[in-house]
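Following this line, the structures themselves.
Common to both upcoming complexes is chain A, partnered first by chain B, then by chain C.
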Partner chain A sequence: MMESILQLIVSGVAMGFIYALVGIEYTLVWNSTGLLNFSHDKFIMLSAYIFAGTFVVKMGLPPAVGVIASLLVMFIFGMLVAVGIFNPLRSMASPIFAVMGTVVLGRIISEMVRLIWGPIPFTLPNYLTGTYQLGNIIIGRVNVWIIVISSLLVAALQIFFKTTKTGKAMRCVQQNKKAATLMGIDVSKNIVFTIVLSSLVCTVIGMLVIPLFTVDTSMANMIGLKGFSSGVIGGFGYLPGVIAGGVFLGVLENFSTIVLPAVYKDCVGFVLMIIFLLVRPSGILGHRKNLR
Partner chain B sequence: MKKIKIALMVLVFVLLIAFPMLDGNLYHQQLMNQVFVNIIVVMGLNFITGLTGQMNLGTAGIFALGAYASALMCTKLHTPVWIGFPIAILVGFLIGRGLGYPSLRVKGVYLSLTTIGFSEVVRLILTNAIDFTGGSQGVQNIPFLNLFGFEFNTPFKIYYLYFGLAIILAIAAARVVSSKWGRVFKAIRDNSDAVEACGIDVANLKILAFTMAAIYGCIGGFLYTHMMGYINPTAFNQDLSVNYLVMMMIGGIGSVAGNILGAVMVTLLPEILRFMQNYYWLIFSIITLIFAVFLPNGIVSLFKKSERQEKHFNIFHSIKKATEVWGGRLAK
Partner chain C sequence: MKKVETMSAHCATTVNKSWFRKITALVMALCLTFSYGCAGNSQSSGTSGSPSASNAAAGKKFDGKITIGVSAGITGSIPMAGERTLQGVKMAVEEINAKGGVLGKELVIEVADDQSNQSVVINAVNKLASNPDVVAIIGPHLSGSVMAASDTLKKAKVPFLSQGTSPKLRTIGNEYLFKIRPCDAISAEVAAKYAVEDLGAKKVGISYNNNDFGVGGKGVIEAYLTKVGIPFVSEGHNSGDKDLTGQIMKLKNENVDAVISWTDDAESALTARQFYELHLNKPVITSTATSTKQVLDLIDEKAVEGFYSVCDFVITDPSAEVQDFAKRFQAKYGIAPDQYAGNNYSVTYLLADAITRAGKADREAIREALASTKGVKGLSGTYNADSNNELIHECKLVQIKSKVPQVIKTISVDVK
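Up next, the complex of A and B:
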């Protein structure tokens, strides 16, 4: 009993870190542009396809090279999307058009993926598979990798935001765009940078979740939604809150399988989101600033 | 101008009345019925997303619940088919209140998050509760609508019924848009703080708009079920929700005429653009994205003179503005 609980906790934390990363990635965009990127799950899916479909399966590169190459490709992609779509959309008359723009962008990405890589799902053999054994506890290799890489990434992002000049400028833009402009910060450039950063985080998520799901056009739908839920649970638009909410949701969701049939595991995030909206809209960490 | 408008409307009306008699193709008639269903759903979506400015990404879930409620009532409980209509309205009301209250009570973008989750959860439950909903097999042998013993069992008969219903609901929607409620909805979209300062309960009116959207969506689902005779959960996915949004945006956000135009176009275009085969959705989505940036108010804004009574049409104005915005960004 003890072992199975521990295993549930470990895989829950691993899944929770994925939700937390999704949360971070869209919260960055939300804070800097005031737009919710509804195509973020498609970004994740696209990066998984670029990494697995093109670099590893088609070109036969070793995964380490593939990681760098896909990060580069998604860097360029993020830049194009930011300059061509997000920056013009941000200054539209009503945010509703901008949201529509991101929704339609998601559809364009998934159609392109379907046309380029074909509609048949596939997997990557021998990539982050296998298990580690610690006493009686068996932990999937992918879970360990997810936890290690995500915590490193979260720590790196924190250091980036706290110490570097660009990071500080980004936080400044997130808090007050007008004041940032007055301080001589180029808001448009900053937004481009934020979206590139967010698409890089998406790439990391996409590469990490390949062993958990098969690579197909709807692979990231659920984690995209649960990223939103974890944002509401932890405190919307607040990075530490999103991380807390993501891990909380991941663990709770795993424990729900003890009581509920496993197919309804995906409902937990939604129900929790509604409960939090009713009872505590400011989230676990109670951050009120971004409730506008 | 007004005379031309009325003449055009009468002409379209007469053409629509005559259409099934002139064109005996059952498939075309079925397609037109689908257009009427879509028009109803899009007009509903217009209340919450178009007028009030709250993103609703869960139309598929609402539509699916309306469809399944009526289908399961008919096939499992063998109730008369028309009972499905009040049931659809009730289901819509419950969704609107139940989902609207938690997400619209607090200011923010929560409605888009809860509705997108709602529609996925609905699809999950419909697929997995096999004993109750038939799972991915769907519900089969759903009876056609009948009124006083007259059964609407061919696309030809359904056409006139749905045509009439669509007209009634369109008139209702147009009345709402130009009523006190409609003006408040628009005001909430433009500046919700100002509305609140006028002593209007913003949260309550947003929930009202969402409830109306849900009711229209459920009525659409009800009509769809009894037209198709068979439903399964795979049809009610995220793509459907996006489709309805695209219909609303292509036609014109906030105007009933625009909604109708958009629904007609987006439903019929796949048939016209069949020759593009695989590339159809890609090209169509790119067109939509261009619309979102250059002509955000949809096709109807082409026919309206711009606010300042300028001589040139709105499109030139909006293109000029969009290029300014776009060019300005690029220049930096």
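Up next, the complex of A and C:
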């Protein structure tokens, strides 16, 4: 039994870090635009297709080169989305316009992917596969990568937001766009920068989850929602909080299978999100001032 | 002073920008309408284009047209199934037309995209049924979609041929529904029987998908195991789950001798990978998915070696018909056919045969002809209609060796 519990914790933490990565991306956009990007699960899927489908399978590039090429492509894609959707729609009467824009964009991306790469799911053989074993506890190689990369990413983003001028400007834009404009911050440019950054984070997620999720048009649907939950649970808008929320959610979900039938696993995350919204909207580590 | 100028310049750009915004909003609104419009019901172009082209080449003249509807999930959660379905149907239609069509008429198809979604499927079949030219429908292929579409098609009195295999379909009392694959009540029992009789399992684990398909199969397996007095433990998961550690650890702790996995494509790949990674090390019998190429492509060879799978159409079936079909399909589309392609190709021939037997392109007459089908050869067996309108009563048990499903035996049950 002990072995089972340890295994559940390890798998939960590994899954939790994926939720956390997705939550980070929500937070990033939220922190600097005050908007939510509901198409980002499709960004993740798109980047997985670009990386695996085009660069590795079709062009036969080594994965390392594919990573750089995918980041470049998604950099340009993020820029187009920011210029074409976020900037024109963000200052309309209600933020709903921009949020709806992202929902529809997601739909367009997934149908576009189906037309370009076809409907058959595929995967990359021998890419980050394999497991490590400690005693009786097993952890996937890809999970170790995910944990390491997302920790580094959070640390880097945290330093960026706290210390650099651009990072501070991005936080400023989130708090008050008008005041930021009056202070001489170019809001539009800042939003382009944020969306590009978030699209790069999506690319990192997309490339990392391939061995676990396979490349499929609906590969990121569930982690999109769970990432949002982990953001709410951990404290929306606070990066370390999102990691805490993700890991908490991942482990709790796994533990729920001991007492509940396993089919209710997904409910746990969403019920927990509603409870947090009702009881502690600032999340586990959230700061009250981040709420409006 | 300078600041004031900047401010007024800013105002001017705001005025200009407001136009830009209006236009952008308009474009977005159009996109929205367009994307949902598309999603809702379209994709329905008659595909008479290619068949008539080949007929023109053959220099044949037809005396009118017979339209059959195809409801398939061309977009949505399993678009690959929709694509293969269409390819299979189109190939059969072209061949039939090249041989002179049905009753001297050209066979054409009208396609509706049901997105493999239970709410969209109602629009799709409504659209097909409201076209008086459509005499019968192939699809929808998921059991859940059939449940959703059943009433509409019963009211419209359109016979439809579905790949749905859920035993629940036996209870909905729709005489217009025909099932072209072995019912799960048959294939799941074959799996359970093999686990107990051939593998000698004393305790069986069941890993099932919590949808109509998985729960239906689980019910049949549990009923069989209860009947023969073998203890079992059942663990469910949801479609789209990405981690089954919880479920697998439970199966390990229960010390089962064999596991029966009853789930869909993506989850079958996940199950195989995690069984291997978490060292389950027990014989595994699965539903059809694991024997299909698209699922095998997603799994490492080591993870799936020795798995058993219960299926109906399998491309490694040594029979001459299947091998011939596989070769022609590969030549035409550049890919190997799967169960969707094979079964729907085969069922198009069955439908053409039924129309010929009915003697006229009339919905009711075709229904009667289908219900009295006897001994029509198909790719996954012989079509014989029973009182449940089930047409296939046999399945194949295969074992995966180096990622190739090898047929071990064919098991058939009596036609009731």
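The rule we apply is simple: the second predicted complex is superposed on the first by the 286 of 292 C-alpha atoms of A that agree within 3 Å, B and C clash if a C-alpha of one lies under 4 Å from a C-alpha of the other, contacts with A are read in each partner's own complex, and residues count from 1 in each chain.
Everything that follows uses one rule, which is that a residue touches a chain if its C-beta (ideal position, glycine included) is under 8 Å from a C-beta of that chain, and two chains touch if they have at least 3 such contacts.
Keep in mind that what you see is a predicted model, and the values were worked out from it rather than measured.
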| item | value |
| --- | --- |
| Fit or clash between chain C and chain B when superposed on chain A | clash |
| Which superposed partner A:121 touches (first chain B, second chain C, both, neither) | second |
| Partner chain(s) touched by A:4 [first = chain B, second = chain C, both, neither] | second |
| Partner chain in contact with A:131 - chain B first, chain C second, else both or neither | second |
| Touching partner for A:214 - first (chain B), second (chain C), both, neither | second |
| First, second, both or neither for A:266, with chain B first and chain C second | both |
| Contacts of A:281 with chain B and chain C, given as first, second, both or neither | first |
| Which of chain B and chain C A:54 touches, first, second, both or neither | neither |
| Touching partner for A:257 - first (chain B), second (chain C), both, neither | second |
| Contacts of A:104 with chain B and chain C, given as first, second, both or neither | both |
| Location of chain B clashes with chain C - one stretch out of 98-106, 134-142 or 188-196 | 134-142 |
| Residues of chain A at both interfaces, chain B in one complex, chain C in the other | 85, 88-89, 91-92, 97, 100-101, 104, 107-108, 111, 221-222, 261, 263, 266 |
| Chain C-facing residues of chain A, complex | 1, 4, 7-8, 11-12, 15, 85, 88-89, 91-92, 97, 100-101, 104, 107-108, 111, 114, 118-123, 125, 129, 131, 138, 140, 212-214, 216-218, 221-223, 254, 256-258, 261-263, 265-266 |
| In the complex with chain A, residue positions of chain B that touch it | 49-50, 53, 55, 57, 99, 101-103, 105-110, 112-114, 116-118, 120-121, 124-125, 128, 189, 238-239, 242, 245-246, 249, 253, 278-279, 281-282, 285-286, 288-289, 292-293, 296, 322, 325-326, 329-330, 332 |
| List of chain A residues in touch with chain B within their complex | 36, 38, 83, 85, 87-89, 91-97, 99-101, 103-105, 107-108, 111-112, 115, 186, 188-189, 221-222, 225, 228-229, 231-232, 236, 261, 263-264, 266-267, 269-270, 273-274, 277-278, 281, 290-292 |
| Touch list for chain C against partner chain A, complex | 20-21, 24-25, 28, 31-32, 35, 38-39, 75, 77-80, 82-83, 210, 235-238, 240-247, 249-250, 252-253, 265-266, 269, 277-279, 294, 297-298, 300 |
